[in-house]
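As structure tokens, here come the structures.
Each of the two complexes below includes chain A, the first together with chain B, the second together with chain C.
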Partner chain A sequence: MNESPILVQTVSRSFDGPPVVHDLSFSVKAGSIYGFLGRNGSGKTTTLRMLAGLIKPQTGNVRILGNDPFAIGAEERQWIGYMSEKAVIPAYTKVHSVLKLGRELYPTWDNTLADSLLAKYDLSPKKRFMTLSQGNQRLLSFIMAIAPRPKVLLLDEPAANLDVVARREILDDILDLIRDCGCTVLFSTHILSDVERVADEIGILAKGNLRVSETLDSLKDSIRQARFFGFKNGTPTEDIPESFRIVRSKTEITVTLRTNSHATPETLAQRWSCQQETRALSLEDIFVELSRN
Partner chain B sequence: MFFLNPQSGIPLYVQLQQQIRQRILSGQLLHGAQLPSVRELSAELHINPLTVTKVYQLLQREGFVETHHGHGTYVAHESPALKIDARRREIAPALEQLVTEALHLGLSEKEIQALLSEKFRRLQPKSGNAP
Partner chain C sequence: MNTTKQFWALFKFHMTINPFIWFMVLALASPLLFTNAFSNSYHPNLSSLLTVQNLFFVGILGIWTLAPEMTQRWGSNTSWNMGTEFILTRAIDRPVLYRSRAAYFYLLIFLIPVISLLYSLQYPDLKVTEYSQTAQQQCLRYVPGSTLEPNPSGSRSPLISIPWGNTLVEEWHFWMFTTSALCVQLLFLLLYPLKYRLWIFYALFFSCIFIPLWIDLHHIGTQTTPYLEHLFFFFTAHQPLFWILTAAAFILTQLWCEWRFARLEQ
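So, the complex of A and B:
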């Protein structure tokens, strides 16, 4: 518990151009599920690939269970489960051969778990990988990532191409894994409702850096949207430091801010001699507010 | 069964905490009753076990439940359900909402009191010896 199983320290990475990930730092606590959010091209996949030891950061460090994932041997590698964004399984390989490979590769491979998931997802062992639907290809990749019972699970868009039922099922399987062996999970997704159900911490990535990284509860508790109206002395034009977004119209100002910052909705309303009402935001609202501009 | 809305702006733990508290306050969950384990409840609601753990800890701190190590979580015997101020605290957010709305709509305290009395007359279950 003393060190975070997933640690990213001042990491930057570019590919022949401006940095995709820029001076990024965050960590994931042992046993928690970290939802990694961001628009397309915000650097999620690059970060996950660095954590999986597939590419090197140009500056800074990444650490998985205290080790550099680029330098570890086979022994430590089996503790990292990684599901890539795109399928890496050869097209003509049959499902049962894929699983056999996993069994031979990983001493910790849990055959009972693999078989039960195969049956639950209704995957036919004799089918070739290329003949599976896109959703079923994702499910097989997911089995490959969790059957070795990893200590750290890195999932890149695990729910892409899955229908609602399959999505709910893999979320339950991730939760089961956490309940059984206290695994630590980092998963990127576009589907915010998945994150809201299972993640305890979230990070919102924009242009290669995190806008926020904290528990979902504290985010929902602290971010509010305040609407100011009924100005007695005209609408003020001053800037509000620490606010995320300000939208002004002739008669109203809407501000997204943290309630624990210096300027609270109440103090602002007093200063501007106007009325105000605040509302809590859903994760989707927060995501949009923080990913804009 | 509890009904959670992950998409709401209200954190899941707050929703669950409120619902369990309301069941205890309304007597649907009696003192001494055992609550489902963290594992059971998180599986049933498809939510993170840490969320359930947090809710049980908060309810314990508030005196609503007791945890017997290795034996589970139970509705506390000296339940705050009996205490009037716990009930008052429970209704405070709804009252605040009501008064805020009333002020926005320009309704006076007197008008709101009249409306409240009328609602009470309509919704209160009728019993023979009511005043």
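So, the complex of A and C:
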């Protein structure tokens, strides 16, 4: 197994306009779950589509299991499971036809797993894809992504349109898959509680730029919000390049920054001759702070 | 995975992907059946017989089966047609996916010409009025066994009698379908990456329908031979050459299209 089954190096991509993804670099360790967070239009889907081999990066490289995903064939592709954020399964196709295609294409297809998930999610094999609810459409797409027992699983908003129970079940199934075959998972989502529950590492994407990429614990430990007040020499106007966000008012400044950077809250308070108080942020707070314009 | 197994798995999947395509094939083909096979006792003239009114459905079925995403709105959230994104992200080789789609496309468009061709074997001989004297001479010269007969209706224009003429005309139709299918595939794969692909396709599609009609209108009442008749006579005179060239074009087009499709973004 490669050291990093998913590798993105200085990747940029645009579609007739400003870059959707800009100079993006990250990697996912083998057997880990990487949660990809970002607002709508932040570039998550574009990144996942590049990793799935649907589009090519304009600059940089993407590698899955050491290969260029756009150039690989069936042999290599059988180890990659992909679930799109869209309902991409043909509308009139029946559930059993979709599963039959999976069985025929993948030598590693796990029939027992597919059948058990079908029963668990209560999906009728005779129904056409278009007659399934949006949630059930997502579940079928999920089954198609994990039943081949992939080595790398790419999930674009897997829990969208799902009720809480189905969402929990999907997350449990992902964890089971990792336990069983050491699968590496990259999933994008808006649901922060899902990320907190299963992700080993988190990347937050804002306007095509990766703001952070690290473990959840490290992220929560290192990012703080500091409030500076009681300025003796007036409110300073200087910029803090390492900060994620600065909000200024007449009497105070609120800065979101890393505690392990050069500009710590203590050094800034000393420099500005003021008082400061620091508070820890939840993942949601960190996400909002890092994703805001 | 073995490419043959992949091909059949994908081909069978495509066959069940959209049941309405099969209804459309029957609906679009019904005029072809009625005008060419069932009423082969009367044709106003040879030129009308050679025109394939239903050739437009090669374009329509082509866009549905080979490049359905061309008709989809950018950023549309559903894939109601062929599920390209879904299939491309399965364990497949891209050229094999294109090959299976092309096979499905050929099955759809050849169904009716082949039935018509087989049906024509029941009534193989053709008698048809031909107004243009030039065309009459060319027909006698190039079409084996063709003769002129007095018109029983008393018209000044004689009848051209062509043994196996109906079968020959159906073979001609089959050739027209084949060449159109090749052109449609080339066109789609050239246009696919372009931003205004759908508009360019429609412009070309309607031009292909109306320009021949406009040219034909100019021939009405004149003694010149319409271009389709020229081509038909040439076709009948050099059939082996036509089919060899068509087979070569078919193989080259198929290989190029598979190569091109494998390099296209979705």
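What we mean here is this: the second predicted complex is superposed on the first by the 276 of 293 C-alpha atoms of A that agree within 3 Å, B and C clash if a C-alpha of one lies under 4 Å from a C-alpha of the other, contacts with A are read in each partner's own complex, and residues count from 1 in each chain.
One rule holds for everything that comes next: a residue touches a chain if its C-beta (ideal position, glycine included) is under 8 Å from a C-beta of that chain, and two chains touch if they have at least 3 such contacts.
These numbers were taken from a predicted model, which means no experiment stands behind them.
Asks: Which holds for A:106: it touches chain B only (first), chain C only (second), both, or neither?
Replies: second
Asks: After lining up the shared chain so the two structures overlap, which partner does A:73 touch, if you call chain B first and chain C second: first, second, both or neither?
Replies: Only chain C is touched by A:73; chain B is not.
Asks: Report for A:91: first if it touches chain B alone, second if chain C alone, otherwise both or neither.
Replies: After superposition on chain A, A:91 lies in contact with chain C alone.
Asks: Touch check for A:122: first (chain B), second (chain C), both, or neither?
Replies: Neither: A:122 stays clear of chain B and chain C.
Asks: In the overlay, answer first, second, both or neither for which of chain B and chain C A:52 touches.
Replies: Second partner only, chain C.
Asks: After superposition on the shared chain, which partner residues are touched by A:239: those of chain B (first), chain C (second), both, or neither?
Replies: In the superposition, A:239 contacts neither chain B nor chain C.
Asks: Quick check for you: in the superposed arrangement, does A:179 touch first (chain B), second (chain C), both or neither?
Replies: first
Asks: Let me test your reading of the model: by the given contact rule, A:221 touches which partner, first (chain B), second (chain C), both or neither?
Replies: In the superposition, A:221 touches chain B alone.
Asks: Per the contact definition, I'd like the list of chain A residues that touch chain C in the complex.
Replies: It is residues 16, 52-56, 73-75, 77-78, 80, 82, 84, 86-94, 97, 100-102, 104-107, 130, 144, 148 of chain A that touch chain C.
Asks: Using the touch definition up top, name the residues of chain B that touch chain A in the complex.
Replies: Of all residues in chain B, those touching chain A are 6-14, 39, 42-43, 46-51, 54, 100, 104.
Asks: List the residues on chain C that touch chain A in their complex, please.
Replies: Residue list for chain C touching chain A: 1, 5-6, 9-10, 13, 16-20, 77-83, 85-86, 88-94, 96, 195, 265-266.
Asks: Within the complex, which stretch of chain A touches chain B?
Replies: Interface residues on the chain A side: 31-33, 168, 171-172, 175-176, 178-179, 193, 196-200, 216-217, 220-221, 275, 277, 279-285.
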